[in-house]
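This is the structure, below, for whatever I ask next.
Think of it as A, B, C and D in the order they're written, each chain with its own count starting at 1.
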Amino acid sequence: MPDRYAYLGPEGTFTEAALRALRPDATDTARIPCEGVAAVFDAVRTGAVEGGVVPLENSVEGGVTSTIAELIGGEPLAITGETAVPVEFALFARPGVTLNDVKTVATHPHALAQCRGWLARHLPDAETHTVSSTAAAARAVSEPGASYDAAICAVIAGERYGLRALATGVGDRADAATRFIYLSRPGRPPAPTGADLTSVVAFIADDHPGALIEVLTQFAVRGVNLTRLESRPTGDKLGSYCFCIDAEGHVADARVGEALMGLRRVCRDVRFLGSYPRSGRATELDPPLSPRPATEADYAESERWLARIRSGGVD
Amino acid sequence: MPDRYAYLGPEGTFTEAALRALRPDATDTARIPCEGVAAVFDAVRTGAVEGGVVPLENSVEGGVTSTIAELIGGEPLAITGETAVPVEFALFARPGVTLNDVKTVATHPHALAQCRGWLARHLPDAETHTVSSTAAAARAVSEPGASYDAAICAVIAGERYGLRALATGVGDRADAATRFIYLSRPGRPPAPTGADLTSVVAFIADDHPGALIEVLTQFAVRGVNLTRLESRPTGDKLGSYCFCIDAEGHVADARVGEALMGLRRVCRDVRFLGSYPRSGRATELDPPLSPRPATEADYAESERWLARIRSGGVD
Amino acid sequence: MPDRYAYLGPEGTFTEAALRALRPDATDTARIPCEGVAAVFDAVRTGAVEGGVVPLENSVEGGVTSTIAELIGGEPLAITGETAVPVEFALFARPGVTLNDVKTVATHPHALAQCRGWLARHLPDAETHTVSSTAAAARAVSEPGASYDAAICAVIAGERYGLRALATGVGDRADAATRFIYLSRPGRPPAPTGADLTSVVAFIADDHPGALIEVLTQFAVRGVNLTRLESRPTGDKLGSYCFCIDAEGHVADARVGEALMGLRRVCRDVRFLGSYPRSGRATELDPPLSPRPATEADYAESERWLARIRSGGVD
Amino acid sequence: MPDRYAYLGPEGTFTEAALRALRPDATDTARIPCEGVAAVFDAVRTGAVEGGVVPLENSVEGGVTSTIAELIGGEPLAITGETAVPVEFALFARPGVTLNDVKTVATHPHALAQCRGWLARHLPDAETHTVSSTAAAARAVSEPGASYDAAICAVIAGERYGLRALATGVGDRADAATRFIYLSRPGRPPAPTGADLTSVVAFIADDHPGALIEVLTQFAVRGVNLTRLESRPTGDKLGSYCFCIDAEGHVADARVGEALMGLRRVCRDVRFLGSYPRSGRATELDPPLSPRPATEADYAESERWLARIRSGGVD
């Protein structure tokens, strides 16, 4: 039986689009929609599927709470891939319905928040209803005797449920995007590609500003750039946070390995989430690094030098 | 007409409990439930009410996205108070219904996530449905011909809708709490009390780790402790964040004032959200500060010393 | 009576050359040579002279111990000027003496150290003797029945004592230089010129690495560049140091004033030595500052902003 | 032939006392006095002696320029030991001479600086002369037809030259001390003892404050305490410094090794001077470290953890 992959359903979500990008060779029947993020994690954990895809963060809404909660506190899975999908909302209705006919619109609350401007301009009098996903909105609109006239959803969803697009690009931010991660059971990370990310969760020993500076310094002192830092409550009490960190580079890189060891020593706990190829969005987040960061060759050279001086050679 | 106060409704939410704690003298008719966080902000902005209360962060779920979005990007309001409310979930049903009768349970998705363990042990076969708030769940259960047998909600909500408690303390974490803020129209901050917090949003000039260290150092170098640091997307693109910061002390304090000025100089932008009395939870978040931070007296002394040396006096 | 100025004598020292550069209008009788650095300080302290010039540091030998000791521990004087003088050594002898005649050479130990290469090449067999200054060597050579055939000294000294140059540029480093300071009795610093230095001595509260980083951070966080950092023993015990710091800018500058106040708060003690125009050697020591440091205008703007938010204005 | 040892002579210097402490079994003929610090270094380099002892720093005067210059720029030698000797000055004269007879006193300039107070009180009218070492002063006083009545020197020197003590403890600081180092030809450092020091010279890539903070951070981030930091001119130009650093621990320690590798990567150049047992003065310089620094065990554990996560194990 070919490999199967779980994703946050129903069919037609942006997550399905992400899975198609990450596993382009998967057949239609290999993609298994799950209800809820936790169900995707569980399907991977139990071995029911080979891997799974869930949203991690959205450029407008921020981190996806349920995904982060599973990564921080659930039985460990490894992140072995990522991709970013542009979030392009469209207004879909059943064939024959025109924009003038639309009195009620269904969508997900986040989508509603991101399309408020367009709705105010084009459908100022329409009633809005929120449902559990944009794909669910499309499905609901497609059903006989539907309670809603139209759905704001992804194109993939509108088409899946046999609807027609009344308008595309209805989101207020043209460049909104969501970042998705691919989950695997724990194992050796994928080989370094030269453009990788490493994700960890750091539980700081004491909640004081110096402690966070100390954690960030573990990366900065080794020239490791961070691309994401997100605080999350540990759940213990108000004011107790851990930090989800994405850093450039692979755990197999000397600089990243050394930074993680340093993190391990100064933190109460560190959870390694994975090293994986960085998706194409690439360098737009990369500031010019100053000064020149140490390369793998620099690390190797400094290690040889240390061996030399330890054994009495002249440096 | 006496002052009126908006809060995130419907009646019976934890937010109502927070408003009662923050404005204990307000009459029942002075408390105005609003649908959605944005509506509370708007009610304060337009002057329809004197102030408003919304949730800011939860010890289990983290920051409340809609509140933070309004604080970061909406027309400015000032935070002038805060309180923390223990989140104690109870299972409520109509009079006469017993635990054995419960086949369907309604609640808010976050509440469901926090009560999963209890449900698995006590109602393993019950179907669960999520609605827009725990109070809405209670209201739905109370209605004639209700679709649900029971609601997980706050005690205040169950009682408000004439229900009976089948079980209390059904949350998986006994010490869960939510922190609420009181919003006012912009104006001079409340006077320092000696135990205050100051909230700001920092938009970092460049997204590199050194930049965040630099921001944190602006506080650390002046001995200002941080009690909350939360990254949020700016909405511009993936990987572009701003930082919501709560710091100990009042903007009128020398050390806080100087730190904010420093922040202003190194950041692309800083939004001051307010200085306000810290709620009773007090010192549990305070690590012993090392070394002794400079006091107001130290600041005053160093300012006199500077004046002396600038004018040629011997130090 | 016109102003008189003390300097580290005897006549013909590099210090005399520095005084001539700093007070070009002083007449010959206004320049008072003193024996020893302490004597120069005392002449200024007692009011016997208007000001005094002493060497502070040499590009080859480092800080001048006796000058630094007086600055750190003596009765306070203010640094109100500085200049750097190229250290160009020459070999001088009485008229009629040729290089071949030179069997014994006198000079100051530091000068000897800096001319060793030249001597080895050109006078490999000459005996060397060390005396208290290069000018004293020239004077000794000029005396009837002198014990030495030649002196290594400044051109100014050789000419002063009626000698003839046998060779110039005999120092091993062509670009050696000594930096001299001008001392005044305490008083209001000279007005800012836009290119100033500020000198202080910082006595760190505890001798641990974090403490020094904390001190340096007080400057770095305000974008104040340091041009000199020199540790000196406090004299109390081995391992107890204070730090002599030269920073760019004037105590009247907002950024320097704030940094000094911060230093005052984190240090056990700070001694302000003065703010004064920087000498012409100018920007060669200035790295490109990254990021753009805050200007006076930025400081003024941030102060206005703080006043606004403190009084309730919208930022 | 037994091992021989060079030291900064003449006989009777504090350096001889240091050599006696460091090599207590050496016979009298095994101790070779040299004229000048450079001569000691050269005797070790050429193999004429097994090792050598020179002063490194004095608690009153600071670093010994000539020693530091040889360490920084000369052909490399290794520091393999250290000791600190109390600097106790005494006034010695020929037998039969009383305090009242003393009209002229000879000593080294540094000793003169450290005994000024005693001389002012007890011999206010005596003339003072400076010579090349305190031992040379004692020797000069002992010679027939001596130009000086008394010498300020170490007890060891007065006794060596057959003099009698007129007064002891004539130094103005009772606890003055000088630190001496033992030099060997390059080779494997002595084995770690658990209380070691490591000395290096760091040539910073750019002369800016951030660069020095970066260097210090390489130690701080790994919990390595510094016991000495001394800037020295590189000799290239005014304002160009290198930093002589003594750090706690041994190059064979994981934390020190990693810090040195980090230093190597961020500096223009690093010269390793040696790891050696710390002398008895021990912990007086050690502040309580906060937070608990990582131990060798912590380093080993973090390395095992890294190996685990690199190979796909669950942390």
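Simple rule for what comes next: contacts are C-beta pairs under 8 Å (C-beta built on N, C-alpha and C of every residue); 3 or more make two chains touch, one makes a residue touch a chain.
No experiment lies behind these values; they were computed from the predicted model shown.
Visitor: Quick one: compare the interface residues of chain B with those of chain C and tell me same or different, with half as the dividing line.
Guide: Same residues, largely: of all residue numbers at this interface, over half are found in both copies.
Visitor: Could you state the distance in Å from the CA-based centre of chain A to that of chain C?
Guide: Chain A and chain C have C-alpha centres separated by 59 Å.
Visitor: Give, as an integer number of Å, the spacing between the C-alpha centres of chain C and chain B.
Guide: 57
Visitor: Nearest whole angstrom, what separates the Cα centre of chain A from the Cα centre of chain B?
Guide: Distance between chain centres, rounded to whole Å: 25 Å.
Visitor: Give the residues of chain A that touch two or more other chains, as numbers and ranges in rising order.
Guide: 206, 217
Visitor: Pairs of chains that touch, anyone?
Guide: A-B, A-D, B-C, C-D
Visitor: Residue numbers of chain D touching chain A in their complex, please.
Guide: Spelled out, the residues of chain D in touch with chain A are 76, 78, 186-189, 205-206, 214, 217-218, 221-222, 251-252, 257-258, 260-262, 264-266, 270-272, 291, 294, 298-299, 301-303, 305-306, 309-315.
Visitor: Going by the contact rule at the top, pick out the chain B residues touching chain A in the complex.
Guide: Touching chain A: residues 57-62, 65-66, 69, 84, 113, 130, 132, 173, 175-177, 179, 206-210, 212-213, 216-217, 219-220, 224-233, 235-241, 281, 284-285, 287, 289 of chain B.
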